[in-house]
Amino acid sequence: MKMSKVLGSAAIASLLLALPAFAQDAAAPAAEAAAEVATIDTGDTAWMIVSTLLVILMTIPGVALFYGGLVRAKNILSVITQVFGAFAVIALLWVAYGYSLAFSGPTEGGLSAFIGDFSNFFLANVTPDSVSGTIPELVFVVFQLTFACITATLVVGGIAERMKFGAVIAFLAIWFTFAYLPIAHMVWSGAGLFFNMGALDFAGGTVVHINSGVAALVAAIVLGPRLGYLKEPIAPHNLVFTYIGACLLWVGWFGFNAGSALGANGLAAQAFLNTITAPAAAAIAWAVGEKITRGHASALGFVSGAVAGLVAITPAAGFAGTFGSIVLGAVTGFVCLWAVVTLKPMLKYDDSLDVFGIHGVGGIVGAIGTAIVAAPSLGGFGAEDYNLGGQLVTQILAVAVAIVWSAVVALVAMLIVKAIFGGARVSESSESDGLDLSSHGERAYNS
Amino acid sequence: MKMSKVLGSAAIASLLLALPAFAQDAAAPAAEAAAEVATIDTGDTAWMIVSTLLVILMTIPGVALFYGGLVRAKNILSVITQVFGAFAVIALLWVAYGYSLAFSGPTEGGLSAFIGDFSNFFLANVTPDSVSGTIPELVFVVFQLTFACITATLVVGGIAERMKFGAVIAFLAIWFTFAYLPIAHMVWSGAGLFFNMGALDFAGGTVVHINSGVAALVAAIVLGPRLGYLKEPIAPHNLVFTYIGACLLWVGWFGFNAGSALGANGLAAQAFLNTITAPAAAAIAWAVGEKITRGHASALGFVSGAVAGLVAITPAAGFAGTFGSIVLGAVTGFVCLWAVVTLKPMLKYDDSLDVFGIHGVGGIVGAIGTAIVAAPSLGGFGAEDYNLGGQLVTQILAVAVAIVWSAVVALVAMLIVKAIFGGARVSESSESDGLDLSSHGERAYNS
Amino acid sequence: MKMSKVLGSAAIASLLLALPAFAQDAAAPAAEAAAEVATIDTGDTAWMIVSTLLVILMTIPGVALFYGGLVRAKNILSVITQVFGAFAVIALLWVAYGYSLAFSGPTEGGLSAFIGDFSNFFLANVTPDSVSGTIPELVFVVFQLTFACITATLVVGGIAERMKFGAVIAFLAIWFTFAYLPIAHMVWSGAGLFFNMGALDFAGGTVVHINSGVAALVAAIVLGPRLGYLKEPIAPHNLVFTYIGACLLWVGWFGFNAGSALGANGLAAQAFLNTITAPAAAAIAWAVGEKITRGHASALGFVSGAVAGLVAITPAAGFAGTFGSIVLGAVTGFVCLWAVVTLKPMLKYDDSLDVFGIHGVGGIVGAIGTAIVAAPSLGGFGAEDYNLGGQLVTQILAVAVAIVWSAVVALVAMLIVKAIFGGARVSESSESDGLDLSSHGERAYNS
Amino acid sequence: MKLVIAIIKPSRLEEVRQALNSLDVHGMTVTEVKGYGRQKGHSEIYRGTEYAVHFLPKLKVEIAVDDALADAVSTAIRDSAQTGRIGDGKIFVLDLLAVTRIRTGETGASAL
Amino acid sequence: MKLVIAIIKPSRLEEVRQALNSLDVHGMTVTEVKGYGRQKGHSEIYRGTEYAVHFLPKLKVEIAVDDALADAVSTAIRDSAQTGRIGDGKIFVLDLLAVTRIRTGETGASAL
Amino acid sequence: MKLVIAIIKPSRLEEVRQALNSLDVHGMTVTEVKGYGRQKGHSEIYRGTEYAVHFLPKLKVEIAVDDALADAVSTAIRDSAQTGRIGDGKIFVLDLLAVTRIRTGETGASAL
């Protein structure tokens, strides 16, 4: 088990056997950790601790504000409370069984390709001196905890302004258990299916973004549109909050992407740089697209583009060269603008805050694009014997499996929740009074 | 003196001689530092620098927003300015004599059990190359500076919406000098009373939270309730600001708690994990308590619970096991909910923003609870020969002394301030116009 | 080239040959890096990665909120979008040619004293394993990128509420290329003019603050005042946003100043401490000044003073002793208050958000003050053979050159932009409707 | 002329506006108000303190019309604003002595 | 019927509401307004620029009542809203031609 | 007495206030309102969804005056509020039966 954990924790590091230059330094930890006397590197540990809290900053208040500003004033508390509640619940579930199911278990045989086991139930056998790579295993545990939490909270954007609070939490808990954990295991565990297929996902484009985007879409469709959707205006009530949220997402994303190097090194630096260039290019692309098609480059456009770019670079952060990251970002900016402005109205679903349009679509573009930008011939850091065609197939395969898996689980979870809560939606009058008042007994703003 | 400083700085590290596993690594620094040629660890230094700025982030804007959102729109500037002003003043006082009185002085004899001396007046003898443990002494100086600052600003919540600006600052300066400094010395200095009693306070539950909670309560009582208190509604004017503040408190608290390990290591990792689990459990507990007693789980409830949990885990962060931290958090969530919802109305005092209800009560629960969750038999990291009963007594003793000390100083300080400023309260008309306008000549919101 | 890059990157480190105590450790990296096999220090790398994202946090959302809260509700989106757009564009320009022109090129001859060359066009020859000092060169690249970005966004405050969006971006791109890059090169490159003159600028007082303050002033004058300026009230629409922005500026500034030590060490610690004491003293000075002259110490006064103090300590952060930083801060607080309250109305220019009054004036006071506070006789860390008089002359010379250079480029850039965009200002009706609606087709606040 | 003042539920504004348009009434002034009446308010709780909120958000719509149109306008508003649930609001009619269009100085019905 | 319009200090609303309740008047509409009059405003300073603020926050309370009640209502408001300090406000009484309850279509006094 | 109600552009308030002062009218009540009329609104776009905004920000200024002053006040407002561009607003004049000053209980013109 220890062995597989180390592999698990060193999953990303291992992927880098691809990268010529700093392969040694990067892969070293794994080996070392496996050895009898493992020691930690305080510099790597410092950076990973910071990365962990950065991802928390992305979630609370990052995601909460990004979403909260986009809803009407009567629903903001409901949205930010759903995010906060989900964060707290998923954090405890992660400690209870999430980490164990995602990263423990045998290296092969049985279900090991799909899910781990309970050998670390409530972090059994994980002590302050357990080491994973060059950092304390507990740091790896909390770093991964934050990924699980933010993924769940992202889904909130799809069902905003109409779902019962308890139902939201229950839905996310079920979905986390049966969709997030297996997919995280498949991608990052040494025993995982995708991991062994050689799928590239540096910081979780598939696990986090495709996964949450698809779940949000399914949930939104099952739930049905908000009252008055497409009939009356439903304008964002405070774009400054949305802007603050987007900025905190960007800042926190450095922990998310550069942190996925699992150390303070040149790989982290490249991932950091790509996490600036891709969203910058995507923000500009989205704004230019708006300017051309609508005559105005909007504030919401800039920040939406940036988030789309961040999503797209996530799986490629450590594999793309500087130029590749710019191109990937720009392309994603245009594609997501199209998804939000053209695709959504076409299909008439009410994904309230465009979780699918930005995280789902952006995640897919990123996951597939990773195969391209990782190509050494295109300035990427893929292996010497890199086979673009083959990698493309692998990526598409992984994406397809993830989409189907997440969609099915989300659908079933919604049906269960509907059954338990006697419908997942609040009453019409509660919805028109606003969820802040009807679900939480408060209003956000008073004089 | 140097010796005691090192002990002081390594106080927490030393406590960990308790912890079997990583005692060596943790205690090593102290020894090393004592040796002639001390060198710093860049990884530990990086983490401690970051921890320091995280605690500043907790204060400005963290505490400011958490409190500011809870007052009426006409008083928000007064609250956030009191926080900002107190931060600036206490920071300078810390550099002038605070650090010296808290951490310098002889190891025994005279007042050494209660207070230090002036040997580091204006940081005399502290140069960029002085070392404390594995970090530059100056890093320890600023890290501790932030603790002093946040403690003072927390008190602002108790006297909000009615006290003269100058009086607030003067009161805090006096209280800082005669209550914060001695208690910090007693707990953290190698020569300190509680330190030598063996009281456990990992990150300052007694020094920071009990201390400020009690001072706020006393000040609030001396000051009397706000006009219209319990007669007319005094609703929070912007719960989104309160939410942002709470999130920044949580994020910053990782520097506060994990930073108190004074390095980037497994101990920091355990403290970090506990700083996620305890507040998560407390937030859920508070919300569930509300749901049961009032029918709604509120946004304010979730964040209040989280803060209560953060307070409670503070003294126990490095001593509690994962499970213990969850239990401690949950218990605190319920107890603080009771303190705020039942105790306060019962006693009719107007602790405007529940500093006592959350920091005072939460701090007491945490300080006493630490004795329990630290027990190895309960998965804690107490010493091998850990004696729960004895530790309980020690903790309760330390808490009692701190409460009395802080209360007496706060009372005297208020009386002095009243005398100097001809009453500590603003005029009735100033209070009903709002302090923003009457004390600062501004309004926060214009079109 | 590599050599000069190393010097460039180690520029600050080298300056510290001045500092007796830790000169060795500080300068070591440079040498080391120059050697064949350079290795990174993970602790230094961790801190520098964090410093980089802190400077981004200062910019988005820091600067955006600080400025956004000061404008009227109808223009806030335009301001924060200008900041966001500028950040994205300058980031890409930096990667494309900015880094190369600022830090590459021959060590002497030709234009090397004024500007670099294109040898690192699109980061050519910079790989994840290139090392600069004790950190990956890519970390140095992104750290410097953030300086370029924030400098450009600071200028936005001068032209707020009246300039065409495209014109703002174009103006900043031109000014960045012909003013920021050369001045950054002159100050920080081993081949730079000021660098070789021995001008002291620890973290960019001249490059960032004087530079942006002067550009903002010139742009504001060329643009002319806002409609109704000095006739009707133009009050800040949300001082809480301004407060949040100011706090994030302060927190982020630790990355800016302490990060300029390029490592996690005692020098960084001193810079960190000074970055607390100077702004604290300046905030108090400004507030006291207001209290005396106007009867009220205001919230806006406190935060404006703090920012002024941060600006002033920037060039001196690593050279000033604790006491010197306090004095420098206090003096700057008073001077900038005067500049904003007395000088501006006197000269009747409409520097909307006082970029010149705070960054320009504060930067000048700081740059000149650095010569004084760096004097060992005054507790500073100047070289043993420190010559105060001579240093003063050098500093004033550097400041003068920077002022003229920035002003001329800004003027020309504005004229070019006016020509291209058929006037740089929006129409009168657009201005009175507000730029949010007229330039971006949105409103920030809805119900 | 008459000044018709209607207190309606915020959600009905769009319907009312369209109903008036179909009567060729193309001008109105709307104010956000708080209403108190038969419709019960709600209570909010913050940190355990409960506040009874008696006043509910409503919109006040003011329309100046020619005498001839007054009844038609009232009826149109009643029909378009009605939900049948308590709190639908009221319509008040006042006598309007004079009207001036500021831009042109026109007065009387032609100023509407 | 009459439409009684009172401009009062925000802090007096609760008293006024209760005074009207005791007259069995259970309906009113309240608007946040800014008032200008004898009561002096204040000045605000931002970064040294001083703004004279002439308008002060007030509440406008509108109550439609049967003629018989009009005087009683005015008196009740005057007594409950009075602080004796400048800026207490005014009470205006207008003639009200017609009232309709939107929910039911009732008109006249019974619609109140 | 009369109650003069003017709907004006927000940017004209200061001019109107001064014009009234010069007529020795030192009291008024101002409300932020949204206006609908000939003046076209605008459209806003968020994430591709377009919203037509029909209502524009206006200010409602209410002035109670003695009959004798009513016309002068109307004229003063018209002149000071006029920009000549569409959307300048309207002036309505209503009959005012009674006025009371809450502070003193004075009634009639002397209460103004």
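When the chains are written out, they are named A, B, C, D, E and F in that same order, and each has its own residue count from 1.
What we mean here is this: a contact is a pair of C-beta atoms (placed from the backbone, for glycine too) under 8 Å apart; a residue touches a chain by one contact, two chains touch by 3 or more.
Per UniProt, the chains are D, E, F = Nitrogen regulatory protein P-II.
Only a predicted model underlies this, so the values are computations on that prediction, with no experimental measurement involved.
Asker: Which chains are shared contacts of chain B and chain D?
Answerer: The shared contacts of chain B and chain D, listed by label, come to A, E.
Asker: Same residues or different residues where chain A meets chain B? The copies count as same if more than half of the interface numbers are shared.
Answerer: Chain A and chain B contact each other through largely non-matching residue numbers.
Asker: Name whichever of D-F and C-F has more C-beta pairs touching across its two chains.
Answerer: D-F
Asker: Between chain C and chain D, what is the separation of their C-alpha centroids in Å?
Answerer: Chain centres of chain C and chain D, defined by C-alpha means, are spaced 54 Å apart.
Asker: So the centre of each chain is just the mean of its C-alpha atoms; given that, what is the distance between chain A and chain C in Å?
Answerer: Whole-Å distance between the two chain centres: 34.
Asker: In whole angstrom, how far does the Cα centroid of chain A sit from the Cα centroid of chain D?
Answerer: A distance of 48 Å separates the two centres.
Asker: Which parts of chain A, given as residue numbers and ranges, touch two or more other chains?
Answerer: Those would be 41-44, 46-47, 50, 235-236, 238, 244, 294, 296, 298, 300, 441-443.
Asker: Enumerate the residues of chain F that touch no fewer than two other chains.
Answerer: In chain F, residues 31, 44-46, 94-95 touch at least two other chains, as defined above.
Asker: Let me make sure I understand the interfaces: which chain pairs count as touching?
Answerer: Here the touching pairs of chains are A-B, A-C, A-D, A-F, B-C, B-D, B-E, C-E, C-F, D-E, D-F, E-F.
Asker: Which residues of chain D touch chain F once you look at their complex with the stated criterion?
Answerer: Contacts found on chain D: 3, 17, 26-31, 64, 94-103, 105, 111-112.
Asker: Which positions of chain F touch chain D when the two form their complex?
Answerer: Residues 2, 6-8, 31-38, 54-55, 58, 60, 74, 77-78, 81-95.
Asker: Quick check on the complex: what are the chain D residues that touch chain A?
Answerer: 11, 14, 42-46
Asker: How about chain B: which of its residues touch chain C in the complex?
Answerer: Residues in contact with chain C: 40-47, 49-50, 52-53, 56-57, 60-61, 64-65, 68, 76-77, 80-81, 84-85, 87-89, 91-92, 95, 122-123, 127-130, 136, 138-139, 141-142, 145, 165, 238, 241, 244, 436, 439-447.
Asker: Can you tell me which positions in chain B touch chain E when the two form their complex?
Answerer: My answer: residues 232, 432, 437, 441-443.
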